[in-house]
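Two complexes, one shared chain (chain A), two partners (chain B, chain C).
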Partner chain A sequence: MSTIRERSPAAYLLALPAALWMTAAVVVPSMLILWVSFWGGRRFTWENHLVLDNYARFFRNETYVGLIGETALQAAKIMAITGVLGYCIAYFLAVMVTRNSVRLTLFLILVIPFWTSAVIRSIAWIPFLGVNGVINQALMFLGLTDAPVEIFLYSRTGISMAQVSLYTLLAAGPVVYMLRNVPNQLREAAMCLKAPPIVVFWRIVFPLTLPGVIIGQVLVFLNVMADFATVAAIGGNKQALLGNLVLLFYDSGQLRYAAVVGVMLMLSMLVGVVVALRVVDIRRLGE
Partner chain B sequence: MNGTEAAAAPLDLEIRSIRKLYGDFVAVNDVSLSVSRGQFVCLLGPSGCGKTTTLRSVAGLEAIDSGDILIAGKSVADLPPWRRDISMMFQDFALFPHMTIARQVGFGLEMLKWPKARIGPRVQEVLQSFEIAHLAERKPATLSGGQRQRVALARALITSPRILLLDEPIGSLDYSLRETVMLELKQVQRQLGISFIWVTHDQNEAFSLGDRVVVMNHARIEQQGTPDEILSRPRTPFVAGFIQGNNVFEGTVEGVQGSTLTLNTKSGPVHASLDGMPAPAVGQRATVSVRAEHLKFGPTAAENQLAGTCEAIEFFGSLRRYVLRLPSGQQLKIDQFGAEPARTTVGATTELSWRVGDTVLHTQPGGPA
Partner chain C sequence: MHWQTRARLTKWILGAVTIGFLAYQWLPILTLSVLSFSGPDGGTTFPMNSVSLHWYRELLFASALSDFKPPIGRSLALALACSVTTAVLALAAVQAMRARFRGYNIFFYLILLGIMAPGLLVGFGVAIVARIMDWQLSLWTSAYLVHVAWTLPFGFLTLLAVFNRFDRKLEEAALTLGANRWTAFRRVTFPLVLPGIIGAALFGFTLSYDEFARSLFTTGINLTLPLSVLAQFDRQLTPTLYAIGTATTFFSLLAVGCSAMLILLVRRLTRGSVR
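Let's turn to the complex of A and B:
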């Protein structure tokens, strides 16, 4: 039991360090990006007046606008695949594995790769996907293809394969937690009310773990939207999503356009999170 | 029960010497039980005695290792829970947290593939009869313990199962609420004529509700019978010790005269009635018991006489209980109606006596049943 009441001076004092940090690390930089995205004039100076020209020019370019749609589509695709895959893995870990030692071992095997950086893990996919890569060699060894399949590397398919492997655990983690919290008695009560296992799952277990699914989906969505490293490493210079566009503008010194794309990314992420929060109230999960 | 009777009215439930193991641990050992139409049966025993496992085996939530379970005359041992004509009420009610009360009370009917148009009115009807119609659109988290209990009962009974299994169904309620709920449940059971199998460790519950009480210990049934039979004639030392208000004597058999057995105990000779039981051999260890309300103060014509010092006087509802210490060190309990004048005071030595007919001989563990 906490003895610190809500909205008391002590509560605000305790929230202060985190608030300061978030302001410095998140709020101020975001405001700066927003500000730069409205800069007019030709020079890079604080005295620039604010205009809508940058946005107007961005939206006049069909390639750029199309990229927003493609990025959203890519995110939706990865969310769907990791959602189903992640739930299956979570169900296996939380429900099917009954021995704690086995569960811990499997969990560590899944988690340890996450100790390396996302960029390294993206690059690690190249030897798998290439024309002489592991996957092609395996396919040819099994006699499934005669010639190497070229669509793996430098393609959207390859990017998707890498992203699914990178982000499935983000979708699975919260579901494992939620599944472990569904009391077995609820399953039993439903069975005693004549519900066969499939119905027990769809009517009892799945609705109760839905918040975990949504949280996982938000995590995957945010990561795919922000992912430029995998796209750059696996897609080469043939593929680009919104994140890569930021990099492209930044490298060529077009800071204002980089800021515009940054704002677009932030906006779409914000919309995604708001939609998710409408489905499930994350703040009430602890109750 | 003979064969023709069984054919005329099949038993609601018949358990035929079931056995359940968890690894090396025997959870249920050779348990047999018959429940005829509309009976209220209480499984009573300390925790870990196998009563809940027995109940869960009937529900199909535990797979039995041997024996058979018949519901309404048909073996269900190989059927999953959702194919058995039972309902179950769980200790903390197991309400579905994401469903409104109306939705979860109707869940069983949905599973029976009732058309939606008929489920709604039927749920309303049941909610009304349990006086919880005003809660229909609420979620379980906002309900009190007593309200949850009613919802759980409505949800379990709406499908009119053949048997309702109840696992400590009022154990999580406030003490003050239990008596009311017990009366209500008993009334519901009478009205519907559905068999109730009620698991509890509380003997007050078992004796006030059960048409039949089954006392279990160490995975076995120790004794089953009407509350009166178990209260007045406990058949094993465990039952006598577990049921409140019994004084148990242990000793060696000194002799048998007619239907009277004399036991040599550390507190002196105690005479007990054989009551149709086979007489144990002279020199054998045996236990007998006598209920606290059968002990009388002062010397009477009764055959059993002892004297002891009063150590404490306690009140149990309308009863006054004296705790006496015998010279042998054994404690005895004597119950008297609280309305009667007190017969002794703490610290005083008093004589007491009781009749042979009130002294019950037990079947000894490992001896003939």
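Let's turn to the complex of A and C:
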């Protein structure tokens, strides 16, 4: 018994506003991007006939096609770094810290930046990365280099450095959750059976936390693929990924091409998520 | 090596990685705050050239072009609206989920879609809709629509977790004692999940306040704070940006802190009354 009856008609009324809102704001616009990407004609109206010209133009340009690979590569790079880093942090927080107060404090220090602006956090990297930036000042102070190194600002390296700091939390969070749910008895049972710690980890603990790892990787993947703000803030106009191309076309009023790039982005994300869901059943996470 | 030594070594290494990352994550933010207090001839990096509140004064008495006060007002108002909308819609949605109505699985995924779909595409899609329908983009139509679609899933998940955890026996007791469903909800369920509702509202507030990608395509001519910060950044990087960055980060932390206090307070109060 609860405050709402099973299959009560009232449930539909309660669910309706949220459902309509999400449909209007997410589903319909995504469908429209797909539709507009096929539009021919010169005017921006419903009545346009559908053609493949926009896609043909996109695929004729090697720079654009290469950008898909480069974006995926950047995502893979960040996924690898944040995956390893995130697991180490999660393992330390969830398993190795024994005092609850210490764990909570460290966890809050990790999570709090999530509630602050990503734009500000990207810009905060600028005084670090520049030719006269903190990193170069430190390098020169330590005598590691005589002249400032220019590889940080306006470069992929700088973008990656900022993205790692932005997204490691996404990789670590789900793993912390999964690690906390691994019963201690399993570890003890394995150890009683004389499994060395490394075997206990790889054969027992890691497989049990794999869903968390995958969820984290999916979140990082989706965020890096669509991240254009960090790229624009740190890369200036010297660096671009797929997301920046959408914006570039949009700003120059070429909405059909922006839509084509948007569809490419959607497709690559869909492939990534489908691959991940084949590895792990997301619905069983709550059990 | 003895296994105890090895275990301790692993602990030290993982601890060092964790502390190292936390430092790596916080250093830019802290540096930004320190530099925002540099003197009038301080640049955008070290040395600071004396300590002053010069750049905060610039912020307060800025010229029209780099005046951040109107964008701050807009961002705050929008965030507040999003936070209320998120709390209300999420509460209704979660209560509906409990009835396991036909299609509630699809409904669940529909809402989660809001987290998965990238802001870039959602914002761009809504801009296209507005273009086709010949609607004007504005803060209170398109931006509001898109922002809530981003904040609602977070509030929804928060409340779902809270509803899964609270003691159903209390509801059942109220119903057995003759309260009708609405009274039981109002007098028992609602106070019990109130901390979750505050949490959902907090998510709505901060996520909307800091949102960039979705706003970029949907706000039209009236920029929100993150947009005008990046616009100013594109024109020229000055310590004024550090000052606004520090101020708004501090404000976000304040909001989180206040909500945490509020949740604790409500929890303490309701515990007394329900028992």
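Just so we're on the same page, the second predicted complex is superposed on the first by the 269 of 287 C-alpha atoms of A that agree within 3 Å, B and C clash if a C-alpha of one lies under 4 Å from a C-alpha of the other, contacts with A are read in each partner's own complex, and residues count from 1 in each chain.
As a convention for this text, a contact is a pair of C-beta atoms (placed from the backbone, for glycine too) under 8 Å apart; a residue touches a chain by one contact, two chains touch by 3 or more.
The shown structure was predicted, so the numbers you read here are calculated from the model rather than taken from an experiment.
Asker: Return fit or clash for chain B versus chain C, each positioned on chain A through the superposition.
Answerer: fit
Asker: If you count the residues of chain A that each partner touches, which comes out higher, chain B or chain C?
Answerer: C
Asker: Have a look at where A:8 lands relative to chain B and chain C in the superposition and call it first, second, both or neither.
Answerer: second
Asker: Quick check on the superposed pair: does A:63 touch chain B, chain C, both, or neither? Answer first, second, both or neither.
Answerer: In the superposition, A:63 touches no partner, neither chain B nor chain C.
Asker: So in the superposed three-chain picture, is A:100 touching just chain B, just chain C, both, or none of them (first/second/both/neither)?
Answerer: So A:100 meets neither chain B nor chain C here.
Asker: According to the stated criteria, A:273 is in contact with first (chain B), second (chain C), both, or neither; which is it?
Answerer: Once the two structures are laid over each other on A, A:273 reaches chain C alone.
Asker: Would you check which partner chain A:183 touches, where first means chain B only, second means chain C only, and both and neither mean what they say?
Answerer: Once the two structures are laid over each other on A, A:183 reaches chain B alone.
Asker: Just checking: does A:88 make contact with chain B only, chain C only, both, or neither of them? Give me first, second, both or neither.
Answerer: Only chain C is touched by A:88; chain B is not.
Asker: Scan A:262 for contacts with chain B and chain C and give back first, second, both or neither.
Answerer: After superposing on A, A:262 lies in contact with chain C but is clear of chain B.
Asker: For the combined overlay, can you note the least CA distance between chain B and chain C, rounded to whole Å?
Answerer: 7
Asker: Taking the two structures together, which residues of chain A meet both chain B and chain C?
Answerer: 196
Asker: Could you list, by residue number, the parts of chain A that touch chain C in their complex?
Answerer: 1-8, 10-15, 17-19, 21-30, 32-33, 36, 44-46, 85, 88-89, 91-93, 96, 106, 109-110, 112-113, 115-121, 123-128, 130, 132-134, 137, 164-165, 168, 196-197, 222-223, 225-226, 228-229, 232-233, 243, 246-247, 250, 255, 258-259, 262, 265-266, 269, 273, 286
Asker: Can you list the chain C residues touching chain A in their complex?
Answerer: 3, 6-7, 10-11, 14-15, 17-18, 21-22, 24-29, 31-32, 35, 44-46, 89-90, 92-93, 95-102, 104, 107, 110-111, 113-114, 116-122, 124-129, 131-132, 145-146, 148-149, 152, 156, 164, 168, 171-172, 175-176, 181-182, 184-185, 188-189, 206, 209-210, 212-213, 216-217, 226, 229-230, 233, 237, 241-242, 245, 248-249, 252-253, 255-256
Asker: Write out the stretch or stretches of chain B touching chain A in their complex.
Answerer: 59-61, 80-82, 86-88, 90, 92, 94-98, 107-108, 111-112, 141, 155-156, 159, 165
Asker: Chain B touches which residues of chain A in the complex?
Answerer: Against chain B, chain A makes touches at 183, 185-186, 188-196, 199, 203-204, 207-208, 287.
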